[in-house]
Structures are given as C-alpha cells and as structure tokens.
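Note that subunit A is present in both complexes that follow, paired respectively with subunit B and with subunit C.
Coming up: the complex of A and B.
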C-alpha cells in the first residue's frame, strides 16, 4: 500500500523486515558487501547468475528478435468481464446480495457522508474554523506552549486560505468524506490490529495480506468497487477504507507486540488477569504506535479520497481532476493547494498529539488534557451560535475570495513559451522532455519489448531468487506470466520502461542527495522541512505542476513519480548512512581514512541494507505515480485503467488494473531488501524511517 | 586494612538472621526443581541419563536447554535469601518458577506449606496479588502513568478503589524516599528513582515475600550502594522475607543472610556468606570468592582456637563476641598486644584468637583447619 502515500512508509518498513527470507545482493550493490573469501565467492556466484540471465535475454533479443507473449496463450478477459458488468447493472437493484447487503452498505455510507456534510455546513465557516483551530491546539496539549500555538496557527491559516481561494464548499465535501472514511478505517484497522497483535495465528495470516496491499498502487483498489457499486460516493469510500486501514492495523499490532516485556511481566507478577493486562498495560503501552498508525491512516485516506474523485467522490479531488482533464492548470492548482493545506493541517495535528503521548510532560494528567478539549467544544458552540445562528454565516462569503486560476494559467502559458524550449544552452523543459523520451525512455521500452518472453521470464526469476529465494522467484515469474496471459504484455512493458526510467532518475538524485545530507548536517537541516511537506502531499497533487512544465505525456508522469518517490529515498539513504556504527567509523578515521574512503569502505557497505530498502521503496512509490500518470498522458496501463474507470468499461479497466497489481508484485519481489535490511518489528526503529519530526 | 563501608560488612548479621527453623514452615520450599526449555522438555528430568548430561551435550543431543536443574532449597521466614550466579546460570528463571511466571518442568514448590504447582488460576493469581511481589531488573514501569499510579498499579489490579490506592501509594512513595515526585512520569526519573518506584510498587501490596530479580544491576555503582542500603533498611524496619537474585558477589555478601550459588542451572553451594567465603564447596566457588577481603566476612567464631594451657593469664586480653569479624579482632589484638578471648553473652570463654590465627585467616591459610573446628 505504500505504493501510494509516503506516510505509509513507516508502516511498511517493519513489513519488509519480515519479507521473504534470504539475503539480497543484486549485482550492483553486491560488490561492496563482503570481505571474507566465502562471502565473496557466494557473491561472485550471484553476479554470474545475473549476468548469465541478462546475456541470455540479450542474445534472445538479438537473435530471435521481437518475440512478445504468444497470442494464443492469452486469455480474453474482456468478454466475461463485460458480461459480468452487464449482469451487475441489470441485477444491482434486484439481486438479494445487493438488496440485503451491498445496498445497505452503500446507503448507510452515503447517508453518513450526507450527515457529516450537513453538520459541517450547519456549523458555518466560523464554527468549522474555530473547531479546526482549537482542535489542533488541544491535540498539541493546549496552553501557551509554542508547539500548541504553531499547530493552531497552521490550522487557522490553512482554513483561511481555503476560504480565500474560494474552495470552501469543495473542501467541506472532502472533509465530510474524510470524517466517514477515517472513522471506518480506524475502527477496521483497530480490530484487525488487535487480532494480529494478540493472536499469533491471526498475525501470521494477516501479515502477507498487509504486505501485498502495501505494494499495490491506489488505482488498483478502485476498480473492484466500481464493479460492485457503480460510480459514486460509496465505492470511493469503500476503496478508501480498504486502502487506508492497513497502517492502523499494522501499527496497532506492532505496538501490542513490542510492548515492554518487563512491564507486561510485572503486570503478570502482580496477578493481573488477561483483560487487566490488555487494558492497563498492553493497550496503553501501544498507544503512541496506534496514534502514529492513525496519522498514517488519515494521510492515506486523504490521498485516496482525492484520487477516488475519478469514480465520483466529489470534493477537491474532483476539481483537480477536472482541471487536469481540461488543461486548466489554474483550477487544478487552486484545488491542489487546498488539498495540501488540509494535509498539512491533519498531519501536524495528529503528529502533535502523537508526540505528546510519546513524551508525556509532568502536567499532562487527565484533567490537564480535558481542559483544552472543553475549551474547544465551548468555543465551537459559541462560534456556531454567533456565526450561524445570530449572523447567518454559512459557507465562506463569495466576496472574500479571489481566484488565482487566471494568473496561474497566464504563468503557465508564459512558461510554455519561454521555458519550454529554446532557452540558450540549457534548452528548456520541453526540450529536456523530448530528449529524455528519445534517448532514455524509447530505447528502454524498445529494449524491453525486444527481449523475447522466454528470456524475460527467467531473468525475473533469477532476480527474484537472489532477492528472496524460491518463493520470490516464483511470485515474480508468476506475476510476469499473468501479465502475458492477460494479453497486456506490450503495454505492461511500456509501463515498466517508464518505471525503470523514473527509478533511474530517482536513485541517482536520491542517493546523491541522501549521502550529501548524511555528511553535511546543514544540508539535512535545510532539506528536512522540504521533505516533510513533500511527504505530506497526496500523490495526485504532483501531477499538477509537472503538467505545467512538461506538457501532457510520459515525461510528466515520470517527473511526478520521481518527485513523489524522492523524499523517501533521500530519507532512507540519509538514515542508513547516518546510523552506521560510530565506533567503526571512528576506527577507520583513526587509521587515517579520507572522507571518500570512509564513505566507500565503511558507510556505504554498512548501509547496504538500507540502500536496498530505498531501492525497494523507490520502485513501489514510482510505480504508483507512473500509473496515476495515465491521467496526464502517461499511456499504457495507467491510461487503460483511467479509461475503464471513467467510461465504466470494466473489460478494459480491470485487466489493466490486474496487470498493474502483477507489475507491482513483480517489482517488489525482485527488489526485496531481504531479512537484514530493515529493523525487525520488535526494534521499533523503522517506524519513522520515512519521516522526521521537528 | 580497615575498610569500613568499602566492602561487604555483614557485621551484625548473626543477630538479625537465623530465626530458629522449625518454628514456622519455610516461606518457600523447593525440591528437585527443573526448568528445561526446548522440544519435549519433560523427558529430560525424567530420564537420569539425560539429566546427568552437561549443558552443551544436552543441547546437542536433545535440543533442550536446562535453565534450572534439580534445585532444592528453603527460604526461611524473615531471612534474605540470595541466589547468586553469573548470567545464564538460571537464577532469573529460578525466581520466576517460584510464582510460576515460568512454569517449572518438574519438581515441587511449596509456599508456606502449600503446593504452588497444584494451584488453580484463581489461587495463583491470589498468590501473585497478595503474597509475593516482584522487583525487576528493568523496572517494568508503565511510561504513561505517574509515579503514584505506577506504585498503585498492583492495588488497582486487586480492585481497590482509587482513593484507597492513591493514599497507600503516597505512603509507599514516602517510605522509599520519593516524596514530591509522585506526579512525575518514569521517564523523568533517574534509574535509581525508577527502581525505588519498582520497590514501592512491590511493597504497596504488602506481600509476605519480596522477590528481587537483579534489581540493581542496571544502576551505577554508587546508586547501587544506596539502593542496597535502602533494602537493608526496609528489611531492618519490616523484617520482610526476601529472595534476592544477583550476579554481584559483593551485593550478595552485603544483603544476604544465606546465599545459594548457582552454576549452569544447579546450586553449587548454599550457606551464610561466611561459609561461602570461608569454606568454598569446590574450586569454582573458591575462584569466585578469591578476591573477597576475608577479614571482612569471616568471624572470630570460626577463626578461634580452643583455650590452651598458655591462655590462663587474662590480663589485658580483649573480650570479643563470637560474631566479631576478623578485621575488628585484628584491631583489638594489635591494640592490646595479646590474644583476644571470644566470649558469649554470659561471659563464658569459647576460645581464643591470637595473631597467628588472625593472620592465617587474612592469608587464606585457615581453610583446612576450619573444617575441623567450626561448629
């Protein structure tokens, strides 16, 4: 699921730790790994294996030429899917499954969203703003401490800006969707987390499910729900709930499992029963983790609520989507800014609450926590009475808005004319895009398609085997074969070439920036706030500026993917290089190693596991956005999915979605960082891998 | 040489300890206790051939590890019973078997004559709630609770009302010297203070016996000393039975009335500090106690010789009670320049220590002869 928002990274890290066994040593990173002769021999063997598979593929490409997946081995999914769709449309209002179950679900969800929206509208803008601001203040502990005041200030500024931008009604709809989606995800995640945390069997059963969900791009979740519910609010919400629940479940389980054994043993030694242990020790000890999970669930829900506008969720996402579709960058950007503001408000508020839990101060008793809450409720009621009831203030007044759409569109036009091409020496953004397409993307795509399927399959198998032994090899080959069977071989390879191109850029920039930040504290200090903001934004948002710069096409999708994946890669790299054992580094320094030698001989080899994790994260994140790039002309699988979603043409959309899932599995399995890569679930170090907090 | 306060000084031990056995049943009576970890662990104690194997061979043969092997001892009411051994010797497992935090594989554990292993869940919970309270090496405090609520935790589990348990917690906080810190969180306390909370939490339930599992190992040496004093003080004031696990010999000698020395899961020797230091059961124990300043541990009771014909002249002789440690006897002999007489409370002369006897204790030459003369 990390496929999608970066906050989910945290939940992902422990997951990879428990991934398929076996050390990972892809050819490139392997050379630095080991000094001992035995290890070196083993490494040599691996390199030969990869080289052999690659040569085989190359030879196949040259000798056999263009050998795509044989047409007779494909299975036509379109016809049965179309039939299923037709059947569903005919029976949606009459079949018992719908009458007694699914329609109830969607009706309840719809009315819940309506109620939430009615409450928000009923509060009026003064009420909502006061509630959001003071809620943030209370979450950060209240009082006059700086953290509480800045959090409240952020909330106030965010809502004022949303109003000023004229996005108030759309924002309220998005918020109403969020309220329902987050509530449902949190409850679902909590229940699953309790099960996985308390029962070993449930934990074992759920872990692979969560692991797989983490690598699937958000897009893949939409289709099945459209199939069942048609287009509208309900499928969007259900997709969001399913998408956003895992971090909560995962971190709840983690918190329950890693609770201080001494404290639990103490509870037992004092004669506490199982329920007493759970309620007085285990759950309270897991609380900081659970709040972190809630934070991630909220951020993922926001990301998905925005994306789900494609299937009729409405709200801010709809504005972005509309703007992108009609090339109205100004409109898209206005809504995008509003989304980012909401994201920042939610993130800062929940993060402040989490931090307060983790570092409880002296005066944070129950009474001290209740007071700010009471103040918040009282002030909200007062604002409602004064604003809505007495003065009749409902939605944000029209007179208080100003549109930035026109100036933005003018700027974009200017940029296209002046920066697009013909800038002396550097060329221009459009020129770059053309050149990158011509010299990197097209050769990559043509190269991949030139490799015969019977050579590509073993190559995937070898890479999977090196990353995670037999199981990964089989999964990788199975996924690739499934793509072929679905009849989407060429399109998938096209998407794959985009992913690889984007990954190349991401890793080049990400490793360089990560290593530089690890070695220069000042640089890290400067980067940190930038990365924080970047990691808060939903993936959809990244498409807006790149379309302005690069026009519609593959390059826009790739650039968005790079920007989206970079923060995580930079963070993990920095962290990996940083956390190298200080004594080893000191030893090498005492032997007179130069900084370059230290980096090459000590820091990079010891950070190898983290670097591999960065690659894995990069792949998964890049894929998510490359696929969403179907919206802005990325073509291939992403386009098919979008087309299928918008037209309700499931015969096209679902196979494409399935192929995306397969591609995600394939890429994840061949880049598994292995067991030694990430901290085990017990160490609790990984949860912040993707994020830093001030 | 006179190192008062520098090293274990069990000077008044003799009068504190040794409540006459037989008066009350032992607090804990452990017989033939085994704890084996691993597949089909129960076969190891049953099979004499397996039971006799050394640890490494047992693991190789069966995949099992015997953490506690065939251990028997009694903890008498009011005494501080120390279990000492290096890490991995099984002492922490042993203490957990007493309240079945770890389920023993074989053997018998009785508390006040009642079979602990036969207890049902309810009875066992009752035992843990009211009769035996434990203090942990890593404190086991709940980070989200204040000091006061941590101390009151055991009472909360018992189901006491909030007002009652808070009042009791305040009382306990005062007793262990945490007054004024009741509203802090554990993270805001030093290590020593955190362990005071742990001790107060155990004391709060007013247990019959307190189990200390390496309580001070995680603390700095100076603080450790303070905490040992604290334990000695609590013991003096309350006379509570204690089982104390430690890997630190000086700590064992300092707080223990009797010490059980463990190695590889078995008990090598049980005895008073003086017996352990003065008459090590084997080379392992001898090695262990080699650096202990013997004059601080061994008393004149074991160092004296019978009154001989040359001791008739009592002029200027110092009179020492039998529990005087050798270091103090040396001071007395040096002061008077004459052998000192060891007398009991009634003034009866039990024996004589002269500089030869005292020097041989210091030099470590006394052991063989002691075996003959000691009571």
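Coming up: the complex of A and C.
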C-alpha cells in the first residue's frame, strides 16, 4: 500500500528551508529541497555505485600489502613551519610588520578590553544588573508583555545567580572580553557577509574560508596567534573572532540573498540607487537573519572563553582550569554554570529582539522602541549613582555568596565509585568502554587503515558525488589526498574511526531522543533546558567525570564528542519530525496506520532532509571536539594539536589542525543534505538509474 | 554591465574598508613598545629609573606546586615590599613567550618542557635570564600503585616489567602493556626508554595531567594495575601511595643523544627564570624573586593546604609565612 502512497504524499509537502537551529547549529544548512519521486527511484542506482566502490575497497584491503599513503608522496610541512616559528620569535620585536601593524592591533584590543572592564567595574553590581535586566526587557519590546517580563526576569535571575555563586569579578572580566570580541566579530562578519551576499563570486570564494574558520581547531591557531601577538588578551580575542565571525557572515549573506525581489524592484522603480537600495531595502529586510547571526556569534564567542584562558585571557575560563587541576569539579562546574547563565541571558535577549523584528506587532515603531531604551539608560544611571557612587557598591559582596562545590563533588564521587564497574548484570561504564573499544573502535580503525589509499580515494569520490555531484566528489577526494600529502594518513584514519564511532552513538541516541521528544511535547519541554546546558557548558568540565567513568582512552574522547554533538542532533530531529504536515499525518491515520507505522512510513521519510541535516551537523560538531578528545587519551590528530600548542611546536600542531580541517571537508561534502534530492536539469544519470531498476 | 556594478562597488567598499583599518592602526607609526608591566596601568614608565616596576606579573602554570610558589611570593611581595602582583595562569611553555616579550616577568618553577624554545630565548635572543634555583628538587619516573607493588615485588625494577606486561594490557595498548603518559607539555622520554630497553610496553598518551590523575585515583581505589609516568613533588602523593619502578641509573652520557635515552630521568633542581629587562631594572621585586628559595617540604605543605584542605591560596600563603619568619626574612633585599 505504502509503496504507492509515499511518493504522492511527498509531492504535497512544501519544501522546507532548514535554517540553523539553536545555538550550536552554526553551519547554516542552506535550502533543502523536497524529496521528489524521481530521486527516490534513483536510489537503486546509487546503492550499486556505493556497493561497487565498497567492494573495490574491501578487495584492496584483502589483497594489497601496503595500504598507507606512499611515503615519497608527502610534503614535509614541519621544516618550513619550524623555520617560520623561529623567525617569528627572533624578529617579533624589531620587524616593521610587528612595530607598525600587529603591535598596534594588540595594544588597541588590550585597551578596549581594559576600558570595557573599567566601565563594568565602575557601574558596580547594582548598575550592571539593572542594565542587563532592563536591556533584556527593552530588547523584548518593553511594556508589560509577558515576553518582555520573562526575558527581563531571566536576565535578573542570571546575574543574581552569578553573584550568589561567587563568580562576579571573573564574570565581569569575561563579559568585558565578550563585549569586545562580539563587537569585532559582528563587524568583521557583517563586512564579509556583505561581500558574500552581494557578489556571487565572493560568496563562492568565501564559503571554504568560513568552513575552515569553523572547523580548524582553536588549539591549532592559538600558537600562531601567540607568536604574532604575544600571550594574553589580544591573541585570545583574535582567536575568538576567527571562530565566532562566520555565523554572522553566513547569515548576513543569506539574509541579503533572500530579500524579496518585489521589494527590491519596488525600490528600484522608486528611483533608488544601488546604495540606497542596499541601505533602505536589502539590509532592513535581512535584519532578522542578521540578528540570528549575531545570536550565534555570541554563543560561539562564549564557547571560546575557556580555551582562550589557556593563553592567558583570564576570567571564568581560569576558574574552570583552577578547579580542574585540583580535581575540584565543583569549582570548575560553578564557573561553568556562570558561563551557561551568561549564555542563556544573551540568547534569550537576542532571540526576543529577533522575534520582535520578525513579528512586528503593535507599538514597534521607532518612537515606541526608544522609550524602553531611554528607561533602561535612565535606570542604569540611577542604579550607578545610588549603588556605586552613594553606597559604594562595587563587586558583589562576599557575604552574599554560597558554594555548591561540595555537593557536586560528592555526587561525582558517588557516580564514579558506583557506576564505574560492578553494577550487576550490565557491568558498568568501564566494561562497556572496553567492549566498545575492542569490538567497534579497533575493527573500525584497523579496517580503515587496511584499505589501500588508492581504493579509499574513489570511495570518498563516489560518496561525495552522490551527495553533491562533481564538485563535492572532487572536494572530498582532494581533502583526502591532502591528508596523505601532509604525511598524516594513519593518524587521520585513526581520528576518522573515532569520529565515525562518535557519530554512530550520537545518531542512535539523538534520533531516538529527537523522535521521542517530537511525539511527546512534555518530554521536549523537559529536555530543552538540559540541551541548553549541554550546548553551552564548556567541554573541559565534563572531561574529568568522563575519564573517571570510562577510563583514559579513545572512548573517553568519544563520549565527550557525543555529549557535545547530541543537543543539535536532538533539536534538528525533533524539528524535522514535527514539521511533517498535519494533514498528511491525519490522512495516514484515517487510512488506519498505527503510530509506529505513521512514524516509520510517513514521518521519517518526510523528515529525511532534516535528518540528513542532523547527520551533517553531528559530523561538524563531533569534529570540533576531536582536540578536546586529545586531552583525555584520544591520541592521533587531537593529541598532536594539543602537543603543538603545549610544546610551542608549530610544525606539529598546524599540520594536525589542517588535517582535521581536511577530515571536516571530506565528511561535510559526503554528508551534505539536500542537494542530491533536487532533480535539476543535469541529473540524467539519476533518471537512467531509475529506469534501469527492475 | 548593469549586473557587474554592485560587485565592483562591493570590491571597492571592501578595499576601502581594509585601507581604513590599515590607516587606523598603522598611521600612528611605532609609538609603542611592549608594555613592560603587564599591560595594566602600573609601571609603563619605560623602566630606566631602576625602580620602574610597580606591578610584577608572575606566571602560574597549571599545577598546585606552582600555585604554592606564586601564592607565597605574591603574599610577601605585596605585604613586605608593597609591590602589586598580577598572577597570570598559563602553561609553562607558553609562559616563555610571555617572558620573552615582557608581558610576564617571572616563572618560579621550570621543568624544561620546551628545551628548543628555552635555548632560543636564553642563548640566542637573550631576552630571558636565569633567576637562580627554587630549592625544590623535581623527580620524574615510572610508578605503580602500592597495592600492586606489594603483591608483585618484582615490578620494582625495570627488569621485572616484561614478565608482568600482561597485567598492564588495556584496550588502548593492544597486546602490549600500557605505560600512561600525561600532559604533552611535560618532559618525557618514555617512548625512547621503552624502545631502548626492549620493553614489551606501549606508551599511551592520556593527554593531560587531569586525565592522568583520574586514572591514578581509579587504579588506587580499585586496586587495578597501572604503570604511569609520574613525578614528585605533587599534591596527589599525599593522597595516593605510589611506588617507583627503578630504571637504569641516570648518567650524562645516556642523555647525549635524546633519541636514544635508556636510563632514569635526572633529578632537577628546578630553576627560576626572569625577563631580562625586569631582572635588570626590576629593583627590589627582582631582587626578592632571585632570592626566593624554599624546599620540597615547604612547597608540599602549602600545596597540601590549597589542594587537600581547599584553602584559598592567599590564606595558605599567609599561614606559612606567619610560621616561617626566618625564611621570609632571608629573601628580602638588604636595606638601603
């Protein structure tokens, strides 16, 4: 029955645009076309292609003696990089490049952060709290609307909690860094986004740049930045900007491209020049997208707080490491909670502002918007005068704090002792970890390394071709070849096996949780705060419990990756399953489908594009924590990247980082959602495959 | 034609933007040197007068012993010499870049994690100078939990290791025994030693000191075998009893070729290092930091107060200083 109903139902579902979802789905998946009947038929042909390539790889693995990339085809990146490292060290306080340019940059940034910190400290805690609370209120539109009041309440609660947890001074330093980093990222992102949005050529040229900026692990470029800018605030800030600017740029470009052609034509017919059209029509129309971009930029900047403190940025990140080095997870978690609270405050505030732009209700004119803003400024000044000037209230008073460290540490100890091993029947986490390593990870790794390079390349090419035609196939093969040329073949395949293992777990758990949440709204409500916390909590904090539970090794690294990637996968899955047209569901129900049939035969097939997006995001996020995995025994590329930074060895760290980027490109291109499903004029091959199917 | 105009305009705008950025930063020419006192407000009066440092920046690498050094030095500098101390949490190897450019003035305990870099700064660039010895002796070696050593006394020398290799197997080390390593920033020749001594072991990188500590605590709690790179002094030694595996004795010849090391690690009298300009013009503060010296027991006492009893570093330092006035007195620069 369903064999005939499926395609016709699918044709009725409108194409869904899968935009970035939630704080950690940064890549901006792009338009996803509806699945068409033709693409479904083409599936048979593709399966043959994949099977053929896989069989070839398998045969190669069995027959070929030497599988690794030939040693003579590698390029030694280490020597020139070591020389560069040395040159930078010897010349960095005499060469004009530094004296006339880079030093200025770092000095300006340092003084900007100092100024921001001085302002925050000068305001005192009453001033800062009032400004944050009323700022959130004004961003949500002011007045007595429930949305405005809850947003303001969130801000107030966040700041009170930060104070109560004793994190006030550190949080102010982090906020000061954030203010400067987000401003710089937003400006840079805006400029790049304008270029990419207005010119197709720039857009094409910038896309791989954005990909690289996001996937290149921060650990890999912290060291070059230290060499260029010295240690401290400046390199940390620039590293943050590199990481946080792409979402702003991507979404600005997307917003500009999406602008309603009718509105633009209207502006043109009214005689507006190109600049006028840009300023009065395209940019204002792109504002909601840009605000979403800003929101993501803020979240990503915040996620760099901890990493940046490795090179001396200070603030809450220092508190996290302080706790970790004495195995005081409670202390590290307290700082982590402060980071999460800042994230929630900023997320809710910018989201409220974005919503107001998208659904302009009554009273959102310029004059109406100015009033809450004026109230905010006035109240902040009043709080400053009353609190700081009259009563001398600066940092949060010490007496008003309490510590959550002890109960947290007790809980973690209990978990480690009781869940590690010896749980009756199921064995316990350590046993699972060992079995997973022995029966999944080791075969995966050994299998990948046994496939000869000349069979693995075509396999990547075929997968890339199926996902996105020739361009993707070439990129995927090029990325794999680059890994070989860098001389990191075996290590990269080891890392790849870990990424695949992590992806497997993430998708299993993520799809199950996402589908469950889509079917039970209550569950989704309960999950939402958990996902928020998992997404914004610095990964370093859960490294110790993870190691304690799973032992040092690849499985600890994988667990960290799963925890990090899971929220985005759950969110996108939930959204995808839920988006399925209610009338289609109703139709299937009236045909007598059980809930299980509905899920398997209607909801999942229709949500296919979103599920593919979830896979793609899962890959990107899992790769983002490969380096963190290197800190708990993941080895391979992650460890090399950490080694490079710790040892000050550019020649080891940078190539490892580049190989991670290559893996990212490879996996992104072969999991790219959507493109394959769009039957364009050049898809004759798909049609042929469809016809040849019996 | 029409279509190209916006693109060209964009390029123009972008170009202008870049130029503006360049102009903003570069037109001011080389008006500035590296801030010589930590980039904060104090002491940017370009040295010269010999007392130019109101603020001293001390690096605090990521271990508790270092925190103990810094806490005591900071306490004495601030209470006795009236110098503001800024503590910069940063790893040892990265701290050397700070010592070079003057954004960090002193590092009080150096384990030699990045030998090439240190040579570059000390010998070639001469931007960092030795600041004397800390007095604490660092010892690196291979250790097993006491319970395991009691049950298998033959583990106490390296010759006994191969017979026991099977006990140390893990999913990560395959069919060899596992020798766990920690933070890649720390000195280690374990791979070389294993190879040169023909041991049936595989070095597994834990990747961080935190992971290493977790593994040791677990082995201790559950009585499982574990062979690990470890060192003294460390606060964990007060909590967990570890027994050292004896390696062939250290000799200088053995360390001539670092790719063929086959003996124990040398005991290091841990040195201090100062930024060259600070060492010369740092006045009393520099003088004090050169004099600062205590022994392993002192450091472990303070480290234990911070780690074991969860005291704030300032409070721990204050307590130790109050109990050891003679030692503190010896560090202070001569009056006049």
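Keep in mind that, in the parts below, the second predicted complex is superposed on the first by the 489 of 694 C-alpha atoms of A that agree within 3 Å, B and C clash if a C-alpha of one lies under 4 Å from a C-alpha of the other, contacts with A are read in each partner's own complex, and residues count from 1 in each chain.
We adopt the following convention: a contact is a pair of C-beta atoms (placed from the backbone, for glycine too) under 8 Å apart; a residue touches a chain by one contact, two chains touch by 3 or more.
Just so it is clear, the structure is predicted and the values come from calculations on it, not from any experiment.
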item: Partner chain(s) touched by A:199 [first = subunit B, second = subunit C, both, neither]; value: second
item: Partner chain(s) touched by A:276 [first = subunit B, second = subunit C, both, neither]; value: first
item: Subunit A residues touched - subunit C or subunit B, whichever exceeds; value: C
item: Partner chain(s) touched by A:267 [first = subunit B, second = subunit C, both, neither]; value: first
item: A:80 touches, of subunit B and subunit C: first, second, both or neither?; value: neither
item: First (subunit B), second (subunit C), both or neither touched by A:285; value: first
item: Partner chain(s) touched by A:548 [first = subunit B, second = subunit C, both, neither]; value: second
item: Of all residues in subunit A, those that touch subunit B in their complex; value: 260, 262-273, 276, 280-281, 284-285, 287, 357, 359-363, 365
item: Subunit A-facing residues of subunit C, complex; value: 5-7, 9-11, 13-14, 17, 22, 25-26, 28-30, 32-35, 39-40, 62-64, 88-91, 93-98, 100-101, 103-104, 113-114, 116-117, 120-121, 124-125, 170-172, 180, 183-185, 204-215, 217-218, 221-222, 235, 306-307, 310
item: Contact footprint of subunit C on subunit A as seen in their complex; value: 86, 89-90, 92-93, 96, 99-101, 103-105, 107-108, 110, 114, 191, 194-195, 198-202, 226-227, 230-233, 274-275, 309-312, 314, 318, 321-322, 324-328, 416-417, 420-421, 433-434, 437-438, 442, 543-544, 547-548, 551-556, 630-635, 638-639, 642-643, 645-649
item: Complex contact set, residues of subunit B against subunit A; value: 99, 101, 124-130, 132-134, 136-146, 153-154, 156-158, 183-185, 187-188, 201, 205, 211
